[in-house]
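So, here come the structures, one by one.
In what follows, chain A forms one complex with chain B and a second complex with chain C.
Right after this comes the complex of A and B.
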């Protein structure tokens, strides 16, 4: 890891003091939730649906947040992370849910900015399908291999010729007894 | 024992593929999980207010090359690149330089923009004259829209509003010169 990335990492890990620049110049919190200060929709050009009941917003936002990757963490969702960027992300999710945007619309909004990598669970399309059908195909192949091997073993057992089958008489009492036990 | 070559080959091939998959997964850089999907597209729209109270939007900047730098006072690399950006803003007056302040304290921004050592390369008068606008980003929404993972990150936008280059981490002078020349030409 380079010194530069260490510096960048260190800078990301720090937490700024309050009050923030955003809070000093941000529009008032009483602004209509479905639109930005300019009157434009929160997702530009995309009108939201009907707003959900307020008591469901937090739970829905968390469910969506659990599916979005924290950008500064290792395999952690924005719903679980305490990083600044994750907190901002989940706050945006909460705001979009409250405005009436659907789960797919919100996830698409994040994908538009960060690509498919933002999704902890990739969408089942294109090459991503390998993730979904790969294990089933692998398990099927493994099962087929085991079954065919077992069948092959049993067939080989049945195919072992007895001395008498190839015209040879048992040579001694031991072999006679062995054959008798095998025939039982 | 008779060797069953097809089974052996399939088994070894599968094992090798699994090892390759695991090796790739474990050695992957977490930052590459998120790809740059902004470069080559129109710069995402924003409407933000600067520290002097003026509103800025991407639309009104169309026809002019724009340089956008997301930064914070609590970010060391941002401080490292800031003097170079101030010099670049002075050298290329036809390019609109915009700083977007991510998740920061108002007092800290005030200190960094107006006092030494960050303005050590120029007098206070010069600093005030060439300092480019710094916009507040409530809740980091614009940073999130631009796919910012951490500060500093910079975006070069040409006259048509297209993002031509995204720099993750501090910008060096050579890259700045090269990319500024590109957006000024187009």
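Right after this comes the complex of A and C.
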């Protein structure tokens, strides 16, 4: 949603600080992972794991990108957005994945740089539990209401066959009722 | 000149709304004939003034009268004709006026269609409807006044928002949504009328349900068209992003859908009465909430480009309607008990006692519970970021991964229930009968799942979704066809005659089935396109060839196209066997502060089985290099098919029942009548 992000971005005083990674000096995705010997890791102070097979990088990066919000946009992930900022962010994710960082490490890095609002799936801690427990409580309540209503209905029911049903086989009885219902 | 005329019309509308509200109350509480006529005429007066005020604004836009504040805000001498008319809803003040106009149309149609029947209720209904109208007329007359005169009119305006200019769907999607939103005032008023009158007969549920169906249909169309617009313009190849404002339109749709179904139980059994009333009233409240979300800018969302100080006033109105609804329900719903006349006399012998677990009643009950939980979940996820910010000053996002997680099981459960409900009879059914109905559905579902597996669509969620689509499809199809074959056997009629007789007689039921097919189309399309979407970014120089899935793609070059209102950068791609694709990035010369922002027009090749989607991410200055996003989505168009099918089903359900027309022409033959 890039033009949207631009529209919104214009009114938002929310331009985030540069990430801790200096993208200009970062190696391209195909380069070998940065090592302690070269002076600095892609994420400062955090050594990456073994790099994944190159052909999986794009897919993994997209999956992570779908969980990270483009800050210029409203509720749009950096994987989907066309905005410049999202393009830079997803490129960074690609480099980090290629370097061997895990999904959690990358997400943590983004949270550190931009705050927890970057996560489209809020972490289930503290007040955030509201959005996880809430639907469960809602569903439980709804189910309880259904059960009590059905019990109520069954109590009211007095199992007398319809006058028109008497003497008919169950199947015919059903068909009879079906035809009758159509007359309503 | 037009300023004065428009302002006069709006003030007249405000006056008529006020008198109508008062006269409706008078006529309702005193059973006063003159007050009733007064209320009715005021309602027509409100409609006429509001519609004329809208026409005055359209005229001002067409003649580009920049002395009218709204025209100066969104008009421009360079905008094409269709866009000039569409500018009516380009910005806040115009869209509130448009809202008022649609409220006028609905008011007139409601008053006309109810006529002199239901005299116990109609004065109260007008009382409430005109009460709502007072608020909107007041908005248009005060803080959202689009007719403010401008002393030194400019010679040129900024033109409407580029987003509006970029796609013809913006001429259709907003009015559909407005027709859906605004129309929910009518069932709300009719429900309040029942509570105020202290009675609720089965007869009154007929207009209540029909007037829910009308805006529900428009809301359904509006939502699908909004998804289509998102797909056709935003460049990410998706229809639904769980944006707060998308959710805002989804809430009333969820409760409205639940209402349409629980109202059947109410009409037929006299059960679920209070719950149904709550659903109907919540639907209206949620449309107000949705408008507030869209128009107040509270979510800083993509749709909130029209921000103003209207938010607090709207919030106050929502609070008033909320409290009013609760008080009305608390004080009056027990009165309905005493006057419970809901059970239709004709159904009495069957309607009273036949609820059992294996019944359509129970299926609808479960469906209502699922819709209730669904609404609660979406609402919670949508407003939680505001809550977190207010309580703990934290900026939290709740997005697609969250909503998908909860919506998927709830949605699949609803599809399952959609297959069960129509297959089971009202009342009760013996377990073996129920199984006999469900086994063929299960078989068809399994067939769908097997076909999916064999053709390579083997992700568990897709297979499950397809199983449920097949299951529900057969349940509905069987109920569609079975009565015809029954009648053919019972009456020895040919298939054509039997079909016309049966389908014509129970339009409501078969219209409902058709609407179900529409929903199933969307579910199928979503399951396939979301599950098997392929996406790739390509960075190409002119003449370069690249591979995407089985497609060989050549970047043939880029150019600039100039039109009167925009400049487009066009990249041309040639795909072996499919021809040329020309996605664009448009820059609009008009549109106020939004002018100059890049807006995309992806190039899409749509077929019934797949879409191939090209969206430009970047074109270099010298037009020799392009970064393009390619998306392959199977069966995407099936999602759009939902809109016309749902609309068709609703329209069929809305046709007046033939029996009432037939009986007014000639009495039914005795032989026909004795059969039931």
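Here is the rule we use: the second predicted complex is superposed on the first by the 110 of 184 C-alpha atoms of A that agree within 3 Å, B and C clash if a C-alpha of one lies under 4 Å from a C-alpha of the other, contacts with A are read in each partner's own complex, and residues count from 1 in each chain.
The rule is simple: a residue touches a chain if its C-beta (ideal position, glycine included) is under 8 Å from a C-beta of that chain, and two chains touch if they have at least 3 such contacts.
Treat the numbers as computed from the prediction; the structure is a model and nothing was measured.
Of the two partner chains placed by superposition, only chain B is touched by A:44; chain C is not.
Between chain B and chain C, the partner in contact with more residues of chain A is C. When both complexes are overlaid on chain A, the residue A:92 reaches chain B alone and has no touch with chain C. Using the contact criterion defined above for the overlaid structures, shared-chain residue A:135 touches chain C, although it does not reach chain B.
In the superposition on chain A, A:72 contacts chain B only, with no contact to chain C.
Once the two complexes are laid over each other on the shared chain, residue contacts for A:145 go to chain B and to chain C alike. In the superposed pair of complexes, A:60 makes contact with neither chain B nor chain C.
In the superposition on chain A, contact is made by A:112 with chain B only, not with chain C. Residues 4-5, 7-8, 10-12, 69, 73-74, 115-118, 138, 145, 149 of chain A touch chain B in one complex and chain C in the other. Across the complex, chain A meets chain B through its residues 4-5, 7-8, 10-12, 14-27, 36-38, 40, 44, 69, 71-74, 84-85, 88-89, 91-92, 95, 110-118, 138, 145, 149.
Taken in their complex, chain A has these residues touching chain C: 1-8, 10-12, 58, 62, 66-67, 69, 73-77, 80-82, 87, 115-122, 126-128, 130-131, 134-135, 138-139, 142-143, 145-146, 149-150, 153-154, 156-160, 162-163, 170-171, 174-175, 177-184. The part of chain C that touches chain A in the complex is made up of residues 162-163, 234-236, 238, 241-244, 268, 271-272, 299-302, 305, 346-347, 349-350, 352-357, 361-362, 365-366, 369-370, 372-373, 376-377, 380-381, 384, 387-388, 391-392, 394-402, 405-406, 425-430, 432-433, 436, 482-483, 486-487, 490, 502, 505-506, 509, 535-536, 593-594, 597-600, 615, 617-618, 629, 675-676. If you check the complex, the residues on chain B that touch chain A are 7, 10-11, 14, 30, 32-38, 44-45, 47, 49, 51, 53, 57, 72-78, 80, 101, 103-109, 136-141, 143-151, 169-170.
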